[in-house]
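By written order: A, B and C. Residues from 1 in each chain.
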Amino acid sequence: MIFLGIDIGSLSCDAVLIDENKNILSSSVIPTGVKNIESIAKVKKNVLDAAGVMEKDILSIVSTGYGRNRVKERDRAVTEITCHAKGIKHMIPDTRILIDIGGQDSKAMLLDPDGNVVDFAMNDKCAAGTGRFLEAMARALEVDINQLGDLDKGATSDLVLSSMCTVFAESEVVSLIASGTEQKEIAKGLNRAIAARTNSLVKRIAKNTRDLAVSMSGGVARNRGVVKAIAESMNLERVNTPKLPDIVGALGAAIIGLEKRR
Amino acid sequence: MMYEHFDNTVKGIKDKLSQDPSGINARKKYVLELSRLGRKLYTKNETIAWCGVTAPFDLLSSMGVTSCFVEFVGAMLASTQTAGFFFEDAEDAGFATDSCAYHRAVMGAVLKNAMPEPDFIIGTSSPCTAGLAVMENFANQYKKDFFILNVPQNYSKDAIRFLSNQIEELTHFVSAHTKEPLSKEKLGMALENFNQSSKLLRDIYDLAKTKPSPVDNRLLRDFGVVMTLLMGTREGIDICQAFKDELNQRIKTSRHHASKEKTRLMWIQNRIQYPFPMDKMLDDLGAKIVIDELNTVTWEPMDPDNPFESIAKRMISIPFSMDTSKRIKNMQTLALDYQIDGAINPCHWGCRQGTGARGLVSKGMRDIDIPVLNLEIDCVDSRNLARGQIETRVEAFMEMLS
Amino acid sequence: MNKKIGFTCAYTPVPLIEAAGFFPYRILPETKAPDQAGHLLHDNLCPHVKKVLDRALENDLPDLEGMVFINSCDTMRRLADAWQVARPDDKIILIDLPSGMNRLSLDFLSKEYERLSRTLFKWNDQTLEPEIISEKIKEKIFQWNLLADSIKKIEEKMTNDFFPGYASGLQQIINTAATESIDQALAMAKSKIEPENPCKSLTAPVFVFGNLLFDPKVYDLFEEWNVQVVGTDFCTSSRFVTRIQTGPDDNIFRSLAHSYLKQTPCARTMDTTIPGSIAQRIVERAKKSNAKGVIGFTLKFCDPYLARIPMIRQALQKESIPFLMLEGDCTEGSMGQQQTRIEAFTEMLEV
């Protein structure tokens, strides 16, 4: 028995195949691109090929992400909030607060001990602190997005970027470069700014986070600098990240398919 | 923290005063009294009332109540650069960043227990809806008795009677808390002080009209609004007298020539509260703010025999709180009286009452050929300040005027 | 005939407009007129007022004999100011509205409503004896009370069972009363009260409150997203149709003032004896309507609501009632952006 979860985000399209014991058989992450119908077909083919199974073997397809209603063959569509909670519960069971920073929005979720969402908060319409924001900052710093995570190593100043609007922040970064501020200090300032914003999102759902395990999902969870800054800003020893943070939503979707089947 | 701030200011100025009694200028005297008020607000065993901007502070002080409008604290937090700390608390509690930062700063201070606990709260429906809402939040947070003065917008007999009756009820409300009845004699004295202060204020503003004006960009900033806290007291009269003397002295000694006056400006609404070198920038550009919109006396003398009605009329007749056509009319009169060349309107983010009329104000001033520079700025929250942009716009405006 | 008087606030006593021989016409913020109100006022004002002003600037309005404004908040005041510039030939009146209920406020508002009535009759060139005016007003109040009663019945029906399309249907009735005619609205209401078989309830019964939510399509969207609306509290929902309590010997203006000030007030109206009572009221209404969750929907830059949301959130939290806060701008697009939040909220309530 095989279950498929597909997460169609604004930047990436992710799929996960699981068996009836919630073991991950295969997963795939590809850019969403302009034509998401094509991306959906492609990511589905990727996971089927990788697991060596046929489409007819799939018992249920659950879609999630902002393009969830674009998956025609879905059995059900569930929001990414419920799916991320479900996925992280499987990957990091003791999670009580989940921060998901995706391509175009960021969310904080408060989970009960069983992994059910009890409250959540989403950022405003703007892209501040999200994947798209980081892409713009990487561009301004003239580094690859994947290099951004370690760029702050060795930074010592307490610089914090004051602008969080993508447009203003980009010009702030440019003027910092112009004034001779080191790249690592700017990167650190950037991470601190994102952390402050994330922290205020978390505070909207939980006033006291001291005894709650915090995890992070979504592509930005791969950025070590941001994760560390969030931990520092929340006074935590660590913020947990799963090995494959991009597929948390798709995994959650697949698990929901399995559980509903039962 | 705030107590120390006020206490240090009081001590600092008093030290200077003891060394050289004549070396203290009017502005210092004014700061000294405000700091004393601030210190009193943060002192135990005082009867404290947090109020809306247009509350009758003369009446309250005559009844032994130490009172202040909360926006004053918002401005203090901004000027001491501590507001940022409180914004975060307020925002985390759900107070929107779209709201007025004067109010957001004080709400943060309430949530952080950094505000003195009041004995009661007096909200006023003017000048703004948000100001009254913040008073309800105070009452809810502190679980203290709450009184509202509804200030109608239409200046009519019914409206004046309504407000006058409310003011009379307010005195019963206050008495119930202070356990002291209203003393007609003390109230009469406070109103007498108020009248004297008002008369001196008129003189001060008349002197400011002189060309070149003896004021500088700092001297009378936010003077009119804040002075209402002190005008019912002896100290209020002394301060006004000191300002009047200083202006006369400046005219006599031509000291005002030190500050250039290529362009004469009007500042609309309140000034920017956090450290921002606007005054210096204007100095450098040879521009002088000769009049602030709120530095004007629009009320008749208080009648001690008819105190509640006098106060009611005063409260209703503040042009800033009236409909925009009356507010504009007042600004046009000021513009002509002070012979200004242009006006700056800092469009305080989150202010529906004042900033909400931006377009109408610009149009009203254009009608008398006065250009207005609208600065999109938050006067209290400096976190999103686009400094370079503001500087460029001010410079360009001055180039245009000259 | 069919002379219309425009109005914008739920505190406008519409029976007075009708008694003076006019049709009340609520200017809803629904328009394709270009966005230009910000030039005359400021962009940081609530979209309700901006869109109403856009309609005035673009003349996207029926013929109006005059406008009634209520001084309910700063933004409404500014609208009245801007109206005089946008349409200088219109007759306008601004009624002062006290912020709470007490003896003095009641006296004053009675006088204000009386002034409104006098002005309206004058606008219609009528001079009548006070007794006749009072009778005319009573007649109109009777009709509006019929509508208020019908709406209450429909709401009770919605609280107990699920009738698909009822929430949007109810909104259509209220919009009809606000912009077309009370007779038409009464006829529409009648058909909704008649027996009908309910459907299986949706999994997420929700109480919805805020300032303005007048587009019936939005209520259909709610259902599509699994939200069963079991109660509402908006300036454009039942709050607009205020039941006026009158006794045979009561002064009619006093009855109006009393009913408008007392009944389900907007966030701007306060009870000084219970500061923050709006929060408790919403908790009570949510419980009474058997809601599993509460959705707050307010327009951006609405000071009265912005200031009360934290206390409402706190009160709901205390009662363990899940709360979702949404902000909109009167455009269809802004609702679409809320889909994920609303669906996630209902998924949360389902567990």
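Following the convention adopted for this analysis, contacts are C-beta pairs under 8 Å (C-beta built on N, C-alpha and C of every residue); 3 or more make two chains touch, one makes a residue touch a chain.
Only a predicted model underlies this, so the values are computations on that prediction, with no experimental measurement involved.
The count of contacting C-beta pairs peaks for the chain pair B-C. Using CA-based centroids throughout, the chain positioned farthest away from chain C is A. Centroids of chain B and chain C (each the mean of its C-alpha atoms) stand 35 Å apart.
For the pair chain A and chain B, the distance between C-alpha centroids works out to 48 Å.
Centre to centre, using the average C-alpha position, chain A and chain C are separated by 40 Å. Multi-chain contact residues of chain C (touching two or more other chains) are absent. Multi-chain contact residues, meaning those touching two or more other chains, occur in chain B at positions 94.
Taken residue by residue, chain A touches two or more other chains at no position, since every residue touches fewer. Contact residues of chain B toward chain C in the complex are 93-96, 98-100, 103, 123, 125, 128-130, 132-134, 136-137, 139-140, 146-148, 150, 152-154, 158-159, 162, 165-166, 169, 323-325, 347, 349-350, 352-353, 355-360, 363.
Note for the complex: chain C touches chain A at residues 322, 337, 340-341, 343-344, 347-348, 351. The part of chain C that touches chain B in the complex is made up of residues 38-42, 44-46, 71, 73-75, 77-78, 80-82, 84-85, 94, 96, 98-100, 104-105, 107-108, 111-112, 115, 267-268, 270, 272-273, 275-276, 300-301, 303-304, 306-311, 313, 325.
Listing the residues of chain A that touch chain C in their complex gives 66, 78-82, 116-120, 122, 125.
Contact residues on chain B toward chain A in their complex (touch as defined above): 88, 91-92, 94, 383-384, 386.
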